[in-house]
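Take a look at these structures.
Shared chain: chain A. Partners: chain B in the first complex, chain C in the second.
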Partner chain A sequence: MFKKIVFKEDASNEPEKGRLSTPMALLCGSLVLALCTLLVAALISTQRHNEGLQQAVSSMLNKSGVENPVTAVLLNFRSYDTLLEIAVLLIVAIVMLPQATVSESHSLIRVQQSANAGIIMSSLLRFLTPTLIIMGGYMLWTGAYSPGGAFQAGALIAGAGILIFTNVQYQVNMHSFAFRVLLSIGLCIFILSGFAVALQTGQFLEYPVKYASSIILFIETAATVSIATTLLLLYLAVAGTQEDFNHDT
Partner chain B sequence: MSFSFLLDIFLISGSLTMAWLCLFSHDLLKAITCFVCMGLFVTLMWIRLDAWDVAIAEAAIGAGLTGALLLSSRRGLKKTKAKKTSAENESGEQDV
Partner chain C sequence: MDDITALLPAFILLPLAVSVCCLLVNNIRVCVAISIISAAALLILSASTLLAINTYEAGILRYAFAGWGQPLGIELEVSGFTALMTALTCLLVFVLSVYSSVYFSSSDKALRFWPLWWLLIAGLNALFLSSDIFNIYVAFELIGLAAVALIAIENSRPALIAALRYLLVSLLGSLCYLLAVALLYREYGTLDLAQLANITSDSASSTAALMLITVGLCLKTALFPLHFWLPAAHGGASAPVSAVLSALVVKGSFYLIARFWLDTLAPAASDAGLIILGVFGAGAILWGSVHALFASRLKVMVAYSTVAQIGYLFLLFPLMVGNSQTNAFEGAAMGAITYLIVAHATAKSAMFLAAGNIMRIAGHDNIKQLKGLVRHCPLSIFTFGIAGASLIGLPPSAGFIAKWLLLSNSITTGQWWWVIVILSGGLLAAAYVFKFLNLAFTKDDDTFNKANIVSKISPIMPLCALALALLTVVLGFNAQWLLDVSGTLVYETTGQGFTGQNLAGVAQ
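The block that comes next holds the complex of A and B.
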């Protein structure tokens, strides 16, 4: 009797049922077109006003500890926003963590010798991975005075990680303690240093001018690690290589 | 008509074309490829706007990581579909 169950997503995939009737489609199309025209007209008619906050940022730049205005805004003037962003990333990572199963091994990375390694991939990775990690470090360091920063560096390192873990030889254990530490270290360091500078200046996340650049670099380094781990986790959770890992042990 | 104007027109039309192809192609692989191409066009647009930070992030995340995510979820979809059809076949045999 349960033979005729049709999944909702399958039903909508059928072209006859998913299609709108022609007048309805025309109505929707004209509505969208009208909305777009309205938006473009509004954009054109808006007066282009002053420079925004550029003046304010550049006048305070010498107090921020970095020379790149983007990094100064992200990690000094509006660092509270960045803190919340990293918290959101951590929440996403927790949601994406695969269901915990009882796993006996506690190591972060497992190397499977028997697996078919793929000689081209592994020899390419031998050159590419160190280069990508150094590039990520450079991106992080250069964020102080030219475009770059924690997010870009994290994305680069996550790319290197994805390349490594597409190779079946290496598998990451997402239930290990070390992986959770890597995921949460960015937020922890950010909050802790926020409170630590509050002891000095009396305000949460208000850095003392003298140490601002080193505090920013410290926070960014921790954030890079967390961002890279989160992005890597997103890929691994979708790719589902973990199933093999858990069934093997 | 300067060179930069032509370049802008090329970038705008290219990204819009890629977005159109991505939305309206029935082949998932083709749609994902078009999405990644659109990400690269948008990266070039950010560079034209002198926003290098956003350009780097867009190239790494918008084009690279999202492309990899979409490709692996496509593979996952295929796997679930195969599992579902085989389960349906099994139940049909049992009923008979």
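The block that comes next holds the complex of A and C.
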């Protein structure tokens, strides 16, 4: 009924070589303790800078296009950091893509009519999937006003994806062009929007104040898709439920 | 000048865009074509930035991402030194991209290589150009993960173990650095390097931050005794990846250590700390050279030689004692180190490429079984010889000029003991380079003959390696030009230093 999930592990039963002897462990422990004490002492003895950049953030918030200061920092004031973070996610995605064993021409998702498809799972998915996607969309939308945003939304949608592809009926083709587009669309849209606004304002990623909120939402939507796909890929690549797709074809 | 400033983001965005294109097209020929064209474009851009920065009076260009400016936003900053580092990166990337276009034989490896390769380059350029300490942390993430992934595409058990160890070390280093960033932000309320340099003091929290940064980045730079991960990682990766790791990736974290000790956190730095860094550097020179001498595999030998060469870089710090309060990236010692970075980057990447060619021809890189190799790959052995001469410090190579500058600096600052270390490091380097060359030239038909040749290689591969090796010689003839463009202005500053001392003497 459900696919058997086997997490790939190193099967070799090597004896535990990495364990420290007791005196060594005590030594390491005391070193860490001393380091922590020094850090705490340094923190206590030094005055904290009064407000940091909070004042600068709140005074510019009305120009940022969003009301949530965290989103304003992540996607407007320090959007370049977020751009690089999306690139970091892409590295993870490239590494986890399985080796090409099936041809690229297959479609992204394949539905297989199987006799032993779980009826409970299928009917549960019929309710859960749309709900999770709507919740993801809400998280994305609400990021402009309160905690939320692309990462949270992406995690929810990835959860929906994991549920779908745990069912034998649906299989995703990780070698398809469409799958690679989904993985990289976040970075693509981020860079392209950065250029597009630069044509208007002169600086890369400097949004025109009037359209800032819609541009941020647009970039975040693309980022959500990439984040969700990357998280899904991480699960599927480690869980190994998709192997039968390769064997069937 | 404005047009060059407006193009600065291209150093990071072009590699990112190329990476995405390579991932999407999934065709090796197209990937190679896009990569070589973009590498050439980056090379031209970096050369024009380097030339532009010298005609610019302030010597610094700044670009504000999203138009906010520091401290709210993130800025890119180019000085003579960072422009030189970027130009070095783009030059090596161009040669290594050409080399990689024929190096990878299996399609799966090549298809994974190109997107990761460009992400690594984006990270390197982001690191050298960034003026924001948190943004530098993100650049480290990009470099660290891409480097680990590039080692892991080799897909052999030793390479995977080395990659995992490198990942853990690199994460530990990043976390130490991140903790330091948090401490600095808490105390000063800004993340901009230039702003921090104006307001830092020698408070306990700043000292703690400097210590954390030093430990974290020394792990990433592989300074002795924290070098334990480097030989396996650099020795186990594929040739172009080893070359970029040794030539550029370790230099990125070194640049930041120098920047924090001598510039941003200079008030919190103590003379004792500077000397301790130098002592570890001296240890690295001796330890790395001795291990290189006894290495049984060629690539491991070259990797241990990197450990030793990193040691020379850290001799910068004791030579800056007493000079730490002035502008960090000027001065005789900094000029010597700048020269050494460039000399080592070209020589070491030439050496790794030559070792890669030898490994491809012989199918292994076990030094003892490479007797008489010279008849089968004369060009690669020749390259190895020139690069080796630069590492030893023989004239007329760039390595000679770098070591000569270091030696004269040690003597003018009255620290003669470093002279012994530098000279014995050179002798040990001669020992391990000639040990291999001697074997390669030995005429012994029993150990290596035609039957041992596993595969033939494209002539582009030895030519790329040779180009890099010849570059070290060319740089040896153009020392003054290189020091001028890097903005360290070595001779004039030495002169000023002397006049300064004389004036101080007169005043007393």
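Miscellaneous remarks
Just so it is clear, the second predicted complex is superposed on the first by the 226 of 249 C-alpha atoms of A that agree within 3 Å, B and C clash if a C-alpha of one lies under 4 Å from a C-alpha of the other, contacts with A are read in each partner's own complex, and residues count from 1 in each chain.
One rule holds for everything that comes next: a residue touches a chain if its C-beta (ideal position, glycine included) is under 8 Å from a C-beta of that chain, and two chains touch if they have at least 3 such contacts.
Keep in mind it's a predicted model, so treat the numbers as computed, not measured.
Of the two partner chains, chain C is the only one touched by A:L53; chain B is not. Of the two partner chains placed by superposition, only chain C is touched by A:V181; chain B is not. Greater residue coverage of chain A by touch, when chain B is weighed against chain C, goes to C. Of the two partner chains placed by superposition, A:E67 touches none, neither chain B nor chain C.
In the superposition on chain A, contact of A:T201 is made with chain C only, not with chain B.
Of the two partner chains placed by the overlay, only chain C lies in contact with A:F77; chain B stays clear of it. Across the complex, chain C meets chain A through its residues 6, 9, 12-13, 16-17, 19-20, 23-24, 26, 63-68, 71-74, 108, 111-112, 115-116, 119, 122-123, 126, 134-135, 138-139, 141-142, 145-146, 149, 152, 179, 183, 185-190, 203-208. Every residue of chain B that touches chain A in the complex is listed here, in rising order: 52-53, 55-57, 60-61, 64-65, 68-69, 72-73, 75-76, 79, 91-92, 95.
On chain A, the positions that touch chain C within their shared complex are 38-39, 41-43, 45-53, 56-57, 60, 76-81, 83-85, 87-88, 90-92, 94-95, 97, 99-100, 104, 177, 180-181, 183-184, 187-188, 191, 194, 201-207. Chain A meets chain B in the complex at residues 3, 70, 139, 146-149, 151-152, 155-156, 158-159, 162, 231, 234-235, 238-240.
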